[in-house]
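Multiple structures are listed underneath, in structure tokens.
You will see chain A twice below: alongside chain B first, and alongside chain C after that.
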Partner chain A sequence: MNYLSIKNHQSVPVDTIPESEYHSFLIGNIKLMEGNVDRHCVNYFGMRDGKDIRLFCCVADDSAHTIMLTSCRVDAKSNLESFSALNLNFEKFEREIHENFGISYSNHPWLKPVRYSTSRSDAGSGMMTYPFFGIDSEELHEVGVGPVHAGVIEPGHFRFICNGEQILHLEIQLGYQHRGVEQLFLEKKKLLQRATLAENIAGDSVIGHTTAFSYLWESLAGLEVSDDVLFARTLAQEIERTAIHTGDLSAICTDIAYQLGSSVFGRLRTPVINYFQEWCGNRLSKSLIRPGRTPYPYTEYLAGRLIEVFDAFEPDFDEMIEQTLKLPSVLSRLERTGVLTYQQVLEIGTVGMSARMHSLERDIRTSHPYGLYPLLDHNPIVKHHGDVHSRARIRREEVKQSISYLRSLVTKIPNETHYDPTAISNMPLKPDTFALSMTEGWRGEICHVAITDSRGELALYKIKDPSFHNWLALALSVRNNEISDFPICNKSFDLSYCGHDL
Partner chain B sequence: MFENLKIMYHQGKQYIPDVTSVEVPGIFRGRPVITSAPADEVFLRDLCPTNAISLAPFSIDLGKCTFCGECARAFPDKIRFTKEYKISTNIRERLVIREGDINTIEVDSTRVRKEIHSFFGGSLKLRQVSAGGDNSVEWELNACSNVNFDMGRFGIEFVASPRHADGIVITGPITVNMAEALQITYDAIPEPKIIILAGTDAISGGIFLDSPAIDRRFLDTHKPDLYIPGNPVHPLTFINGVLGLIRKRK
Partner chain C sequence: MIGFILIVFVSLFFTGIIIRTKSLAAGRKGPGIFQPLKDIFRLFRKGSVYSQTTSFIFRLAPLVYFSSVVMASLLIPFGVSRAVIGFEGDFIFFAYLLGLGKFFNIISAMDTGSSFEGMGASREALFSMFAEPAFFILMGSFALLTGFTSFYDIFNAIHLNSYTGYALGVMAALVLVLLAMIENSRMPVDDPKTHLELTMVHEVMILDNSGFDLGLILYTGYLKFALYGALIANFFIGGLALNAALPLYLLIQFSFAVAVGLIESFMARFRMSHNAQFIFALSSVSFLIFFGVLLIMGKLN
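Entry: the complex of A and B
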């Protein structure tokens, strides 16, 4: 099987992506990844092409810093051998292809609905008909939670099968948040509308998703942005990471009823997101990142304020996290809770923190660097136990690491460039082109793919939030835990519902 | 124990003493002001990503606005976003800002149902339902209850069970897949009850309005008691909005 190697944020003519016959496409891609932990599938999707479905597979090689593209044309009514039977990384991608196009798989282990998208092939199915895995036992019982949860969070349904207090199995049904984002990307023609969509994919990962969209659009438009744009994106990404990680530490403390940690981390997040407001007028950084430009110039004053904010933040954060991770009552809840083994992490193909929690170094900032990350000499934080404690400690160290990056970044502010937003908005996109863009959001690898048609209009827009990989990790991590530990497991992953449901 | 006390001492007082008058930091975009300065109004209408700008008369609908500020950047003499965060109201039309409108947006207490003041004036428990919300408004609603904003001081709290709630806070544009769960949750709340729409997506559907994955029929049969604009809503907008609804003006 031939493949085409591209770099992150690169665009290529669609017809240069090699097309293979399905069996060699399947075996070829499985072989690409076999026994190589540096390779995983970053996107695998279908696109209607006349009567056929054209499947595109994107496998990233982290050590070679490339993405290997392959494709295959199949009939929508075909019954195919599944990738997932040989490599579980493809599990959800194939479910999505099945849901959207009706392609059936003869040996998929778990061919269930993904999100009940409006364009699904089986319109008769719906949220209320989800085929849960059932039990027929006198001893076991089921617990259903959601879609509306106890806290102020997004909706999803969790179905547990328990033996007494012990969880034997968890199945997660998502899709409640489906808003048709990918389709809207094609229908909304104005650049500002698309940027607005990008920042609404997941409102807690505004920088991650808008940055991925922006690089993608610039690649399709053939636009090179200047240093001040790269600077703003890199800086904003690390501020977002700091803010959300701190908020998550607060939520972890809440779920183990450690009131002091909950309050202190909760309030420590405030000055960080207020800093976003000082910079761009929005606490969650909406409107800060735009394709082709940076609407809010970064000034010496803002740099000074950043140092002030983090000079005040760090001593309080250090004191609180040290105390939290030293308390026996905290440790007894975090250690050995929600464990995934290295083997499971590999099989699922988790990304971001959910990979780094167990010895798997996956971080787009080093593997497919972009923005100013090559200058930062980033070294991913990796832990080795795969439990809630590992995930909490990753957050602690990533907060410290991000702050050190922020401090070094603001010592050299690039000169401001003048932009013409109208001229940028009117730039045409290259016709018949495929582009792929990855960024490392605070959750992990975000991947956007776009394909244009012969007129340079978007023909496909595909979004993959890291949660798309990682939800399965949560479901497996809670097995054999007490059901009372579920909230803390859930919070330690902190996955996105809307980023998954789109 | 001593370590905990030391941390508490270092933290000092973190709450905002007066959440009704505190000034927000930075360049927050709140209630806009439109002047009579000349501007290419057609250009501005077409610029807006969510069709919040209308012509004749020129106006901005805060129920549709994403507060991105692009219009104000294009014509700074025409449109200026102030730092005024009190922009919640019970009258949908009040969210439409026209040329020369400089008054604070308020709840019209004469049009608030009587039982809201008498039942909820001193205490209000809310059940939030995210129906396609992107988790930004949800983060900000959680922030309302943190030690900085401390909404609990007014007896306003989010609760887990709709049976314990006095009202529902809807975030997100209301998806087809969540519509039924929203209705069930609303039905489970005992009477009398209120409906609050928090955020641009909830008030108008925002950027998602035209999507076939959105089903806003719930709002055809249920009248909201309070509209809280924002993308996401600022905690101060939320707290002041709810206070404006439940408390009688003296």
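Entry: the complex of A and C
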């Protein structure tokens, strides 16, 4: 099977992506990934093309820093052999294709709806008819949690099958947050509208998603941005990482009822978030990242404030995390809770923190570098136990690492370049082009793909939040744990509902 | 009679002190001492909502729970002042009165048919079962030591004036403090602040209660706390005159509340499976008290 190798943020004409017949497409892609831990599927989706469905598969090679593209044309009514039976990486992707286009798979292990998207092929199916995995036993019992979350965060339904206090099986049903973001990208034609959409894919990964969208758009428009734009994006991404990781540590402490940690980390997160307010006027960093330009130039004053904020942050953070991860009662809750084995991590194909918690080095900042990361000489932080404790420790070290990057970044602020916002938003996109963009948000790999039609309009926009891969990791990690440890496992992954539901 | 009045008096601000301590420890200002009480008055003015799946048991349970604790409070003496009700073997009556209240709580939780509440009920039943031996071995040992079987007589006859005696006093206080934490579903066994149903013990059992019923259950919790505080205080104020006993009693209750607040601030709660071990370990401390008593009585050679 032929494939086309591209780099991150590169765009290529759609016809250059080789098309193969389904069987060789399947075997070829499985062969590409077989026995190679550096390769995983970053996106696999379908696009309606006349009567047919054209499937695109994007497999990233982390050591070669390339993404291998292949495609295949199938009939919507066809019954296909499934990738997932051979490689679980594809499980969610195939379910999505099945849901959107009605393609059926003969040997898919778990062919269930993903999110009940508004454009699903079987409009008759819905939340109320979701086919839950059932039990027929006198000894076991089921516990259903949600869709309204106890802390009223985001909606999702969790169905546990338990033996007393022990979880045997967890099934996660999402889709309550579906807004049809991918469809909205096609309908909203203005650049500002699209950038605003990207900001609202997941409220906690504003920088990650908007950056991915911006690179993608620039690649499609053929626009080269200068250093100050790259600088702002890299800086903002690391501030976001620090803020959310600190907030997560606070939430982990709340879930194990460790009040001191909960309130101290909560307090520490606030000035970091508030720093965005000083920079761009919004605490959630909305409007900070825009395609082609940077609307809020970085100044010496802001750099000084950043150093002030983190000079106050670091000593308190160090002291508190030291205390927390030394306290016996905390350790007894974190260690050996929610463990995933290396084999499982690999099979599911998790990304970001959920991969790095168990020796799997997946970090777009090194594997497909972008922005100013090549200059930072980034070294991913990897842990080896795959439990809640590993995930807490990754956060601790990533916060420290990000702060050191921030400190070194602000020593040389690039000169401001002048951009004309109107000219940028009116730039035409290349016709019949495929573009792929990946960024490393705080949660992990974010992947956006766009395809334009012959007039240069978007024909397809595909978003993949890291949560899409990682929800399955949560479901597997809680097996054989106590049901009362579920919240802490959930929080340690801290996956996005709306990022998954789109 | 004074004993009962004092328990009601202390119950008015006991939880307020715990919450205030926790707030201060977390660097916050915190609500006023009487905020929990105000919340209860707010709930008392509200109507209750009942699920259609529940039966009369669900409506009855809060009242039974409340009356059982009030009844148990009537059994607690105050130093040299007798309790309202006192008879031979009243500590057994005391334990099973609380047991009755708990039993109704558990079946009322099961009555709702919710899978959460069933889980909470099962946990509560398990933990109470493990806590029971600790209480009886403790009280039994002191009954053996003093030769009496009612609270009033036991407390007035205890003279912890040897080293072994002091050790017994400390251990007894420890067992009672921890029992109070378990019985009132506080940390480290249960986290009263959590919003996560899956980790709750007591809180999840009252998820369906609302309005007046909820207010009653909450107030009963405060009363129960003060009740245990009074029990602990009695170990130390046994034979003291009223003017010395009263400040000591209030001091002990106050320190108890502050201690609970501090424990809840500076440690994480136990893993659910460790709770049973922890509670069962209390019984072994009670056994130490039993052996201490045997030592004092010279029955161990």
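Just so it is clear, the second predicted complex is superposed on the first by the 501 of 502 C-alpha atoms of A that agree within 3 Å, B and C clash if a C-alpha of one lies under 4 Å from a C-alpha of the other, contacts with A are read in each partner's own complex, and residues count from 1 in each chain.
Here, contacts are C-beta pairs under 8 Å (C-beta built on N, C-alpha and C of every residue); 3 or more make two chains touch, one makes a residue touch a chain.
This one's a predicted model, so the numbers in the text were calculated from it and none came from an experiment.
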{"item": "When chain B and chain C are modelled together on chain A, clash or fit", "value": "fit"}
{"item": "First (chain B), second (chain C), both or neither touched by A:Glu187", "value": "first"}
{"item": "Per-residue contact with chain A, leading partner among chain C and chain B", "value": "B"}
{"item": "Which of chain B and chain C A:Ile27 touches, first, second, both or neither", "value": "neither"}
{"item": "Partner chain in contact with A:Leu111 - chain B first, chain C second, else both or neither", "value": "neither"}
{"item": "Touched partner set for A:Ala85, first chain B, second chain C, both or neither", "value": "neither"}
{"item": "Touching partner for A:Leu4 - first (chain B), second (chain C), both, neither", "value": "neither"}
{"item": "Partner chain in contact with A:Leu325 - chain B first, chain C second, else both or neither", "value": "neither"}
{"item": "Partner chain(s) touched by A:Pro487 [first = chain B, second = chain C, both, neither]", "value": "second"}
{"item": "Touched partner set for A:Ile201, first chain B, second chain C, both or neither", "value": "first"}
{"item": "Contacts of A:Ala150 with chain B and chain C, given as first, second, both or neither", "value": "both"}
{"item": "Vertex chain A angle, Cα centres of chain C and chain B, expressed to the nearest 10 degrees", "value": "60"}
{"item": "CA minimum distance (chain B, chain C), superposed complexes, angstrom", "value": "6"}
{"item": "Common ground on chain A, meaning residues reached by chain C in one complex and by chain B in the other", "value": "150-151, 260, 263-264, 267"}
{"item": "Complex contact set, residues of chain C against chain A", "value": "22, 25-28, 115-116, 118-119, 122-123, 187-188, 191, 193-199, 264-274"}
{"item": "Contact set on chain A toward chain C in their complex", "value": "141-145, 150-151, 164-165, 253, 255-260, 262-264, 267, 327, 329-330, 332-333, 337, 482-487"}
{"item": "Touching residues on chain B, where the partner in the complex is chain A", "value": "3-4, 6-8, 10-11, 14, 24-29, 47, 49-50, 66-70, 73-74, 81, 127-143, 146-148, 158, 160, 162, 172-173, 175-178, 180-181, 185, 201, 206-208, 210-214, 231-232, 234"}
{"item": "Chain B contact footprint on chain A (complex, rising order)", "value": "115-118, 126-128, 147-148, 150-155, 175-180, 183-184, 187-188, 190, 192-193, 195-197, 200-204, 206, 247, 260, 263-264, 266-267, 269-270, 274-275, 277-284, 286-287, 295, 315-316, 319-320, 323, 421, 496-498, 501"}
